[in-house]
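Pasting the structures here.
Each of the next two complexes has chain A plus one other chain: chain B in the first, chain C in the second.
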Partner chain A sequence: MRVWKRLLWALLGIAALAMVSYELSQAGVRPVKLVETGLLAMTPLALAAVGECINEKAGVINIGIEGIFLITAVVGVYWAEVFNSGLIGILMGGVFGGLIGAVLGVLSTYGKADQIIAGMGLNVMSLGLVQYLLMAIWAFPGIHIFPRELVVPRLSLPFTELRISPFTLIAVAAAVLATLMLGRTLLGLRIRAAGDKPEAVDVAGINVNHVRILASALGGFLAGVGGAFMPLGWFGGLVKEISAGRGFIALAAVVFAGLNPLLALIASFIFGYAEGVAFTIVVTPGVKEVIPFHFIQMIPYLLTIIILAIFVTFRRFPNALGKPYIRE
Partner chain B sequence: MSGEVLVEARGVVKSFPGVWEHLILDHINFDVRAGEVHALLGENGAGKTVLANILSGFYTLTSGQIYVRGKPVHFKSPFDAIKNGIGMVHQEFTLVPSLTVVENIALMLRKHNPLSYPLKEVRERTLELSERYGLKIEPDRLVEHLSLGEKQRVEILKVLYWEPDVLILDEPTSVLTIDEARELFKILRRMAEEGKGVVFITHRIEEIMAVADRVTVLRLGRKMGTFKVSEVGKDELLRLMIGEMEPVRYERGRSVEWGRVVLEVRDLHVLSDDGREAVKGVSFEIHEGEILGIAGVSGNGQRELAEAITGLRKASRGRIRLMGLDITNKPAGEIAKLGVRHIPEERRRMGVVEPMCLAENMIIREYKEKTFSTAGVIKSKVITEHSKRLVERFKILTPDIWDTEVRILSGGNIQRLILARELWKGPKLLVAFHPTYGLDLKAVTHTHQHFMELRQKGAAILLISEDLEEIFLLSDRIAVMLDGRIVGTLGAREATPEKIGHMMAGVGAS
Partner chain C sequence: MVSKKIRKILYRLAESLLAVGIGFLGGAFLMLLYGYDPITAYRALLTGAFGDISGIYETLSFATPLILTALTFGICVRSGLFNIGAEGQMYMGAIGAVMIGGAMSLPAGIHAATATLFAMLLGGLWSIPVSILKITRNVHEVVSTIMLNWISFWLVTYLITYQLTDPMRAERAVPAQETARYTVIGASLTTIFPVVIAFTLLIYFIVWRTTLGYELRLVGYNPEAARYAGISIPRAVVMSFLLGGLAAGLAGASQVLGRPPSWTVYATLGNLVNLGFEGIGVSLIGRNHPIGIIFAAIFYGGILHGGRFMEFEAGVASELVRAINGIIIVALAIPELLSMVSGVVKRRRGKEVEAG
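This part shows the complex of A and B:
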């Protein structure tokens, strides 16, 4: 399906959200607040989704984003406390995410592993690992509150009332840079070729596995930044199920985008904004009494399922997606 | 002819352990000299492609040694070979379908900064090379929209980009028209004159006579000898290639009475993948017991026509009737059930499911029928018997039928598998696209025999081929397709290669 068709769907989604926002503003909610929450919720989704676009272009599916989110959230907070800096914490989250991505890359190339199973393993393992780490590091089960100063401060956007996180800007920049990298560099050509026809990369004397591991590490890095951003740039605290399925929502955004990083950004905004709306509805007097809390909480996930159902058939997968490259 | 030895293989052995009974290559000696075209002749499974893949670093050898300009080398990857000046044009192309022609060639820039994008240079150099060797291309089209012939030209350009000393071409003429092949031979001669060594793989002896200086004959992994082309006769080469057995002849027999109209196509319009109108109002009919040959350079709408008839592609306008029944835009499965069979253009991509085994591929059309399954559970015994019978009858070379992925079979054997699956039931209509592309002489004869048998039984066959010889040999009527239209139809008696050739080229069409 062509880009503009996806874009049309995205505009439809934005229009629907705008209508809801208008209704909420009638109920006394400040639109700025809605956008701010939406952008915060968009950030981890967009970072991970852009990263996933890159590694899927190269032929590596990483369905373990949820796992990377969970692990890097904990790792990020740990290093933030060690260095007393939220920024370093988020960066370390990225580094760890990159490492996990690289390992997944090695498994799915040299290891010839089934990428779906590897990703599932990562997701399942992270559930236990996070609880263990919380106990091992802070000796308290399931939750950890860190000093307020560690949360990366938000910036005021000039000419507006908006206050946004620098990492939101980084997510937008990542989408733009990823688009340029994939479309306007030799590296991008190699990545796209590695996913679509690895033999072509091989005859050029370029190691297919290296390209794929690099792409997988890049994807993991971005997901890791997103994971550490959740406690250190957004919530200001750490709980064991902090990502709450956002890793899967990011995957849905990738499917919607058809591996186009800019569309992935837009999709992430729609999902993020929907989440922000849900948050807001829950606390808005006059609305929260009418619609049950759990129903509203369900909205982002429902949206995910609907989008997946519509777009999964429209998607043009790279030919060699998920398949290890074996020359002979 | 007595130029420097550029590449030499000594005592090369290749075995795929536990898969084949004989060695794929059994102590082969082979060399290529500067300024010569050295042909590799052999049937499917003779080991030509494997030897070429070893010389070009795609496969590692089991034992033996390769020398480049007298120095021993060990190729671990295709690029090792390229660094040593050996480039190969593969039969199955190594092009990325989702990239454009220029992007595919830019992929070869290994040493450039990976964050740079010197597409302008690549385009200029590509156009220069394309001019120099007469390889016409459109640099900005997506490769997935190109025809086989066009893809091959891109593939050759890709290899030429490195200015290799030795160029290996694996069955390059099988996708070309006669004129294109002649053009290619000129190019090969030009390369040889420039002092390059050219290895030219083929199973067509005429082509060797036309272009090669020396020829090495392989049979079932063994070398039968190397000869100067000027000192060896066609008959001797044929005998060395296929053994003592006489090539099978079959009865042409034009006595079949045409019956009812089986396929009727009226004013058919079909779009190509990139949304252009590829078939622009085509009408024809085929009767029982008739073979209609469609000649034409690939990329003139043949693929879209075949896919519209078999239900793989929507027709945008027009009607297709099978035995009077309207099948326009019916699902492919439904059309197949009515007795339409299809030998598709790209056998690996469309003809088989590569990661599945032979037996599974064999029943992929009929697995739901009671013969092969009960309540969704397949009857493996019946299927084994069925597959064995077809393997025997169609002479498919395969290690076994359940345990090997079809992926590892050679192109010729995959084609035999497809033929077996599509023909065994005796279809009403067979749409055959390049049915003998890449097959050796014996297999071609074999296939043609099956076609004649089908015709005798009253089936209709739509034969789409760029191989004019094949078209002339089999067809009762010959239609020529050019730019999405049928520019003329001739009866087999009135058609001559000149007339058809002119029509294909778009001059003096009647």
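This part shows the complex of A and C:
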């Protein structure tokens, strides 16, 4: 499916969200608040989705984004407390995410690992690891609250009432840079070729495995920034199920985008905004009495399924996606 | 060739043992990192799990749902599908068991059976959207099952909170009535364990000894050949998700109708959460084979139960066991792990011989 068609669908989605926002504003919710929440919820999704676009272009599926989110959320908070700086925490989250991405890259190239199983292993591991680390580091089960000052402050956008996180801007920049990198640079060409026609990369004298590991590390880095952003840029606390399936929602955004980073950004905004709307409805008087919040909580997940059902059949993914490159 | 078959089984077993070893090494590394003593911890874990008869009863009780959620994954792997929807299907099964076993009164005998079957039915039904999305829209089952897991989580917590609440204790659903409970054998092991074993053997029979099973496995092994042989791939997809869903539904029932002391589910689903995901590891350790899965589940049930002793005696959070499971899964994703390791060992030995 052409990019403009996906864009059209995205605009339809945004129009629908605008209508819901209008209804909510009639009920007394400030639209600025909705957009702010939406942008916060977009940020981790967009970072991870842009990263996943890069590593899937190179032929490596990382289904373990959820696991990277969980682990880097803990790692990020730990280092933020050590250095007393939320920024350093998020950066360390990125570094750890990059390391995990690189390990997955090595396993799925030199190790010829089944990428889906390895990714699920990472997810299962993170479920236990997060709880273990919470006990081992802070000796308290399931939850950790850190000093409010560690949360990276939001910036006021000039001429508006909006206050947005610098990491939202970084996510947007990452999407633009990734598009340029993939489309206009030699490295981008090699990444795309490693996913689509690895033989060509090999014949050109470049190690396919190295390109893939690099792309996987890059994808892991961005997911790691997103994971550490959740406690340090958004929630201001750490709970054991902090990512709540967002890693998989990011994967869905990637499918919607057909591996185009800019479309992945837009899809993340739609998912994030829907989540923000769900959050807001839950606390809006007059609504919460009518619909139990359990049903509102389902919205992002239902939306993901619907979007996948519409878009997945039109995808054209790289030929060698998910397959280790074996020289003949 | 019997000896060839045995050799193959031994090789598989060696691969699993190696992966388990790597998992435990990884766990030991994590313990050392935070100043715990891995030897004390692992000793407590093993003696807690297998040291005495009540420990073994508990271990088997922990293994019961894991056998089933592992089957959910294992059956689908045989037809080339990655079904990680056991979690959500198990929630549906548990609430199904509560609906019949807790909220309805039936004569003893048929009560437990009806509740069990209804639970399996709900689990199976929850797998239908996955098949439809897969067949008609080519939606990858990993993402759709995860989304359905969350939807099921919120649906079931809603039902517990608003519709099926225990009038005595608001934080949980109505417990299964006496007539719907399976008989306690010892500790928290009930007669649902033999039922589960029988179900597993039935699945083995279906998948390995019937035409349907042959079709499922052929679709997984070589979809092109299957299509050429005139096998309906959509039918195989629906059937393997459905069988998986039935197994997961039974897993949910086993936690309500066959697990003292609570005989119910809590609004947080605390006694169910993660059993579905852990099944993935169990299935892989058991090489996605029903018989292997039974042994793998007993092993993993043992370390889950023993994990609590690890927490008492060495202070290590019992959730570490889950991290170990994840490491085992990653290790098992690498197909040539054993030959790589034995290659290194052989090279080492070769050098030693030269040096000597």
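Definition applied: the second predicted complex is superposed on the first by the 328 of 328 C-alpha atoms of A that agree within 3 Å, B and C clash if a C-alpha of one lies under 4 Å from a C-alpha of the other, contacts with A are read in each partner's own complex, and residues count from 1 in each chain.
We take it that a residue touches a chain if its C-beta (ideal position, glycine included) is under 8 Å from a C-beta of that chain, and two chains touch if they have at least 3 such contacts.
Just so we're clear, the structure is a prediction, and the values are computed from it rather than from any experiment.
When the two complexes are overlaid on their common chain A, residue A:199 makes contact with chain B while staying clear of chain C.
When the shared chain is aligned, chain C comes close enough to touch A:120, but chain B does not.
Of the two partner chains placed around the shared chain by superposition, chain C is the only one that A:308 touches, whereas chain B remains out of contact. Annotation for chain A, partner touching more residues between chain B and chain C: C. Contact with chain B, but none with chain C, is seen for A:327 once the two complexes are overlaid on the shared chain. Contact with neither chain B nor chain C is seen for A:282 once the two complexes are overlaid on the shared chain.
When the two complexes are overlaid on their common chain A, residue A:318 makes contact with chain B while staying clear of chain C.
By the touch rule above, chain B contacts chain A in their complex via residues 58-60, 77-80, 82-83, 88, 94-99, 103-104, 106-110, 112-118. Of all residues in chain A, those touching chain B in their complex are 181, 184-187, 189-190, 192-193, 196-197, 199-207, 318-319, 327-328. Those residues of chain A that touch chain C in the complex are listed here as 63, 67, 107, 111-118, 120-129, 131-132, 134-137, 141, 244-245, 248, 251-252, 255, 292, 294-295, 297-298, 301-302, 304-305, 308-310, 312-313.
Of all the residues in chain C, the ones that touch chain A in their complex are 30, 33-34, 36, 82, 84, 129, 133, 137-140, 142-144, 146-151, 154-155, 157-158, 161-162, 274, 277-278, 280-281, 284, 316-317, 319-337.
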